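After this come two complexes, each holding chain A, first together with chain B and then together with chain C.
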Partner chain A sequence: MLNRGVNYKIPRNLLFLFESIALFLMFMYYRNALDRSTIIYGLSLIFIIYISNLILSKIVSGDNYIFLIVTMLASIGIIMIYRINYEQGFKQIIWISLGIVLFFATYFIVKRIKGWEKLFLYYCLASVFLFLATLLLGRRFKGAINWISIGGISFQPTEIIKILAILMIASYYTNYDRFKEKKWGRYYLIGIMYLFVFFLFLQRDLGSVLIFCSLFLALQYIYDENRKLVLANIVVLMFSGLLGYVIFPHVRIRFETWINPWKYIDTIGYQITQSLFAISEGGFFGTGLGLGHPDFIPEVSKDFIFSAICEEMGILTGIGVIMLFMILVYRGFKISINQRNKFFRIVALGISILFGIQSFIIFGGVINMIPLTGITIPFVSYGGSSMLSSFIALGILQVASEELDIEED
Partner chain B sequence: MFNILSLVFKYVFIVIIYMFIFSIIKLIYLDIKGIRPIPADSGTYLKLINRKDTLPFKVKEYYPLEDNVFLGRGNDNEIVIKDPYISKKHLRIVKDEDEYFLEDLKSANGTYVNGDRVMDVVKLNNGDRISVGQVEFLFVNKE
Partner chain C sequence: MEKEIKRIITVLAGICILFVSLVVYLTYFQIFKADKVKNSSYNKRLWINEEKILRGSIIDRNGKILAYSELNGETYARVYNYGSLYSHIIGYSYRDYGKSNLELYYNNVLLNTSESAALNELKNLVEPNSEGNTLKLTIDHHLQEYSRNQMKGKKGAIVAMNPSTGEIYAMVSLPDFNPSTLREDWGNIVEDENSPLLNRAISGLYQPGSTFKVVTAISALENNMYMEDYECTGTAVVDGYPLKDYDGKGHGTVNLNEALIYSCNPYFAETGIKLGIDRLSETAEKFLLNREIPFDLPVKKSLFPKKGNIGKTDVAAASIGQGKVLVTPLNMALIASGIANKGDIMKPVLVKEVISKDGKVIDSFKAEVISRATDIFTANELKNMMVDVVNKGTGKNARISNIRVAGKTGTAENPSGNDHAWFIGFAPADDPKIAIAVILEEEGSTGGQKAAPIARNIMLEALNTINN
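Right after this comes the complex of A and B.
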């Protein structure tokens, strides 16, 4: 315990060193188009991350690693995005800073207010409201309606619904005994989840369908007492997966490009083949930042950021990113095991599963291990909604890592 | 110029990222090791008999015993257990000439050694069962 302060300095300083060198390199890369505001924003981001880690290690009594890991992931992401696209990188700096502010806000709000486990109905209503709003106000973007814009600010409601869904499932299983007494109480949650999946099918947002289904299935598998219901759920989901394949042409396209992308290299398989070329081009150590061609891949700063990282920073960095996610998910599970409050125990588990599933789906997708579905890597990909909601989820996880007194006298 | 820098720095980045991961894994390892700091084969300690997850408050598997140890609900004790049935300062275990003695500090719900309520001071032998509040400990003395 005495050398605790000394120990935490090492990763924090390494992170600082990494960011400083990378930022310096980026300023060299853009040396002709550099203005003062970019330098100020870049330096202030490094400063914010360092200070947040410092403050966090002082004030929280819970887990000190998750925020460090996440800021490392965000730093790798921002460097890559900044190198690919100057303006997106600039925006991403703002998103990360906002995300960190939201992280602290969530941490204090969730910790201060008691009784989150009693709001089952409100989580449901808020989610359904957001789904309806998306369907009515949303605009179609590459086959899926998942954006709404209000007053010039556009965001993806599904990102918020993910967190609401975790809170909802957790509050349901915390009050499971109470729900069980009602006539159809055992089937409330499964009904609501099918409703969500139905809405997502209407939006044709299949990546999110996958995330919601696996999240729900995992938590149901762990907490539901009715084993037959779990089995029935798996069968229904498999069946609806097949149905999706038959009904939606763009699911079929994804499947065919997964089986043999080379056949469609000029058309629908272009993206995935370019991604594979990029990864192989990089080799173990990468081409070096700014020396590869990640811009050949369409959508590179969002879904395919991992290929760009592999190309310019090497497969070893790619493995590093995967390892960071593994440690993050491991910490999440450990937090969940140590937590005594049942609600936060389930929430911590749900959030770790969310991070794990989401990163697995997209890592697997870009290396053509599983069929590709366009979702973002949490904390790494470019995108405001995804970044902010991931930081909110992390804030809740941070609260869950602390000892929440339930038997206070 | 930029190309040379970029080529050099790509190795530096990989080294830094792996050092970062390594230092975090090391910290986590120390953290996990810190959960059971008492090797079960030496010294004198209290061992928890209850299954840990049946108790709704934080309690460790092992508590090492030194020369003078207080147990209670208050934060100034050496062994802090937030059990509502345990008093603020509940009991004291003292070492005197290689013998351990348990003293009940006039606790509200009492201390029991092998089922008998401790009225004042009692000598502890290896294998004694000590129950305080909802918690039950085994006294282990391997010296």
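Right after this comes the complex of A and C.
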């Protein structure tokens, strides 16, 4: 018991040390423009993260690492964002704090209320409603229509739909036997997923199309009894991908910039080439915080935050961030395997796959290993919707890590 | 359940492979691609700091300003005072076209920055840097201009240097280009089939022709394998291939000295065969063929056939500077310098001093022997023969009254066009102050007729004007 207590404390303290050093560097960087509120914000962030980890280790019986990993990721993100843009840094601190509050709220709500696995229809309807709302009210941003703005607050419905979709898939496979009895029951889910992908395609949100497809495909592969359907799905998705490439110029151009970004350096390849400059400039150890020029990359604090991390902290830190995601995914899978409640087993898998695939797509995109699609890195990139929905997902994963009742039927 | 866990692990493995591939790719990119990407002229990082720093000037050995920077709005721009005269030495520095020559290889010195951004930042804290260092060259502006004028309208290269210190006084390569109007001319420059961007003096490879006989002669002397009375009929037949003299007439009975004076091909072909490729290439390599020559600008490696299996005809051709022998003009100037400097070849130098913004000399070159090519006696013997070449032989056009000049002419057969005209030499023979190599590319005339007078004029001008 004693050993366990000590082991849990060490990473928390290490994180505290890392944050303090990085924050000190930031204060040095802004030494001429430093005011009291900056220091208060910075210190309160460290405090919030430390206290949250401390509380978590006291009150939950499940996994203590996932939240720790995520706060580490969020710290790296916030330091980078704060260094790039002062004001975005402040806002990000607020988003993270809100996110942590939402994490705890989600944890308690999801744990207290029973019967999540019975709401298949509601998840489905809510998602469709959000999709329709996006199409009707949506604003076009960077070529994609995926933002809606209500009463001055804008957000990305897709971020919420991701979680709804995971819950929906989980409840479908939990109640698979009941669905099977209906005439078209075996095809409900695949039909709905195609509808979702179609909506996303209408929004021109290719990154989300990729996430939804891989998420669905992975869960279908694990749980669907109809193996032919899995195979058929793979064939259909590949074929649609090819068709999309042939028909839609905006898909084609992404492939062409991926193959040779230098050819389009003045136009569509500008961002990716700037990102490659940043990464190569950083080398293995980085230029040092505040000594590089990640600000040359447009939208650097959102989609390209990874390139900024590589430039100023080196690709060794970049690899560290990748590894943190790998451990997060690994913990998620471990949670899933240990969970006896089928619904939460699938939910844990879905959330882990979501974190894994989403981060892979954007890491691979900004280093030009795969075609670039603009999505955010969960917990790291600047942005409210993504941060909040990721913390909600994490809250659900936290519940899934605990011992839960097995459903009666 | 068993099956389910198996599949879950398969998916986990898949995701892990994706992550690991990211790490592998990122590492691969950083090791193999990053340097090239980083140096793309589209990378704004290369320029952001530079344009705020007053780039150091470049001056000649007497302090004449050749290139400097001036404030142009908020940033500095480069000014080249003498147009194309220094295009192959100083080069250019532009945001859109990048950098070349000294502007490239001495960039950090000119900006007074170091490679590491962190180090620069630290330095800025202590001492805000806004001015770079000045480069003082070994070039003599007057001689450089004089040399280029001598070559007007021709293609080729000149290297004139101090044989005992290695300082380059003049280095000309024609055709050249004008760095001041590079932006407007760029299209023409890159398409010009005479490649004006190529610095022929250090990157042009030519067959040295008869100038190479000095190396063969040294090898013969060192190995004691020269012939005292050789009957020259004008043609030597090696393995069935006739090797002719330039005019095809015989020189009668000649010894080594006379063979060099009249540049007798059959004599040196026979001598080369006697020596064999091993001895010959050993001497050639001491004279820096097949070797990297250290210099302030990158020098192409001169080539000599390697030891081992090569035919007799190839050996014969190599010993008279034809066939597979290819040299840079700088290398030939160093060969002349080595003979002038008692057998020691000095490291060639272009940058004499680096001077900080407050006028302190923070770095200066040190004379350094890079090859002990031959001993003092052989060098002396060769020198006397080369003096005879100029006094009585093919090099008469290089004669200067009251000054003993040593030299050797060459006319290199060029498989792809007209002959190249060569001259290498030094003066005064007894206390050499200047060594020179001149090549006129595809001149279609002999070295004695065309290259020797140019070399003579430049040596005389150097002796009259350079005093140190």
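A few remarks follow.
In the analysis below, the second predicted complex is superposed on the first by the 406 of 409 C-alpha atoms of A that agree within 3 Å, B and C clash if a C-alpha of one lies under 4 Å from a C-alpha of the other, contacts with A are read in each partner's own complex, and residues count from 1 in each chain.
Here, a contact is a pair of C-beta atoms (placed from the backbone, for glycine too) under 8 Å apart; a residue touches a chain by one contact, two chains touch by 3 or more.
Every value quoted in this text rests on a predicted model; they were computed, and no experiment measured them.
Residue contacts after overlaying the shared chain place A:G288 against chain B and chain C alike. When both complexes are overlaid on chain A, the residue A:M313 reaches chain B alone and has no touch with chain C. Once chain A of one complex is fitted onto chain A of the other, the partner contacts of A:G364 are limited to chain C, with no touch recorded for chain B. Legend: residue contacts after superposition of the two complexes on their common chain; A:L25 is shown touching chain B, with no touch to chain C. In the superposition on chain A, contact of A:P11 is made with chain B only, not with chain C. In the superposed model, A:S280 lies in contact with chain C only, and not with chain B. By the document's definition of touching, of the two partners only chain B reaches A:L68; chain C does not. Once chain A of one complex is fitted onto chain A of the other, the partner contacts of A:Y221 are limited to chain C, with no touch recorded for chain B.
According to the touch criterion, the shared surface of chain A, contacted by chain B in one complex and chain C in the other, consists of residues 287-288, 291, 323, 330.
On the chain A side of its complex with chain C, the touching residues are 218, 221-223, 262, 265, 273, 276-277, 279-281, 283-284, 287-288, 291-293, 296, 310, 315, 318-319, 322-323, 325-326, 329-330, 333, 336-337, 349, 353, 356-357, 360, 363-364, 367, 369. Contact residues of chain C toward chain A in the complex are 4-5, 7-12, 14-16, 18-19, 21-23, 25-27, 29-30, 33-35, 37-38, 40, 42-45, 48, 117-118, 121.
The residues of chain B lying in touch with chain A in their complex are 1-3, 5-7, 9-14, 16-21, 23-25, 27-28, 30, 56-58, 82, 84.
Interface residues of chain A, counted against chain B in their complex, comprise 7-8, 10-11, 14-15, 17-18, 21-22, 25, 28-29, 31, 65, 68-69, 72, 76, 285-291, 312-314, 316-317, 320, 323-324, 327, 330-331, 340, 403, 405-407, 409.
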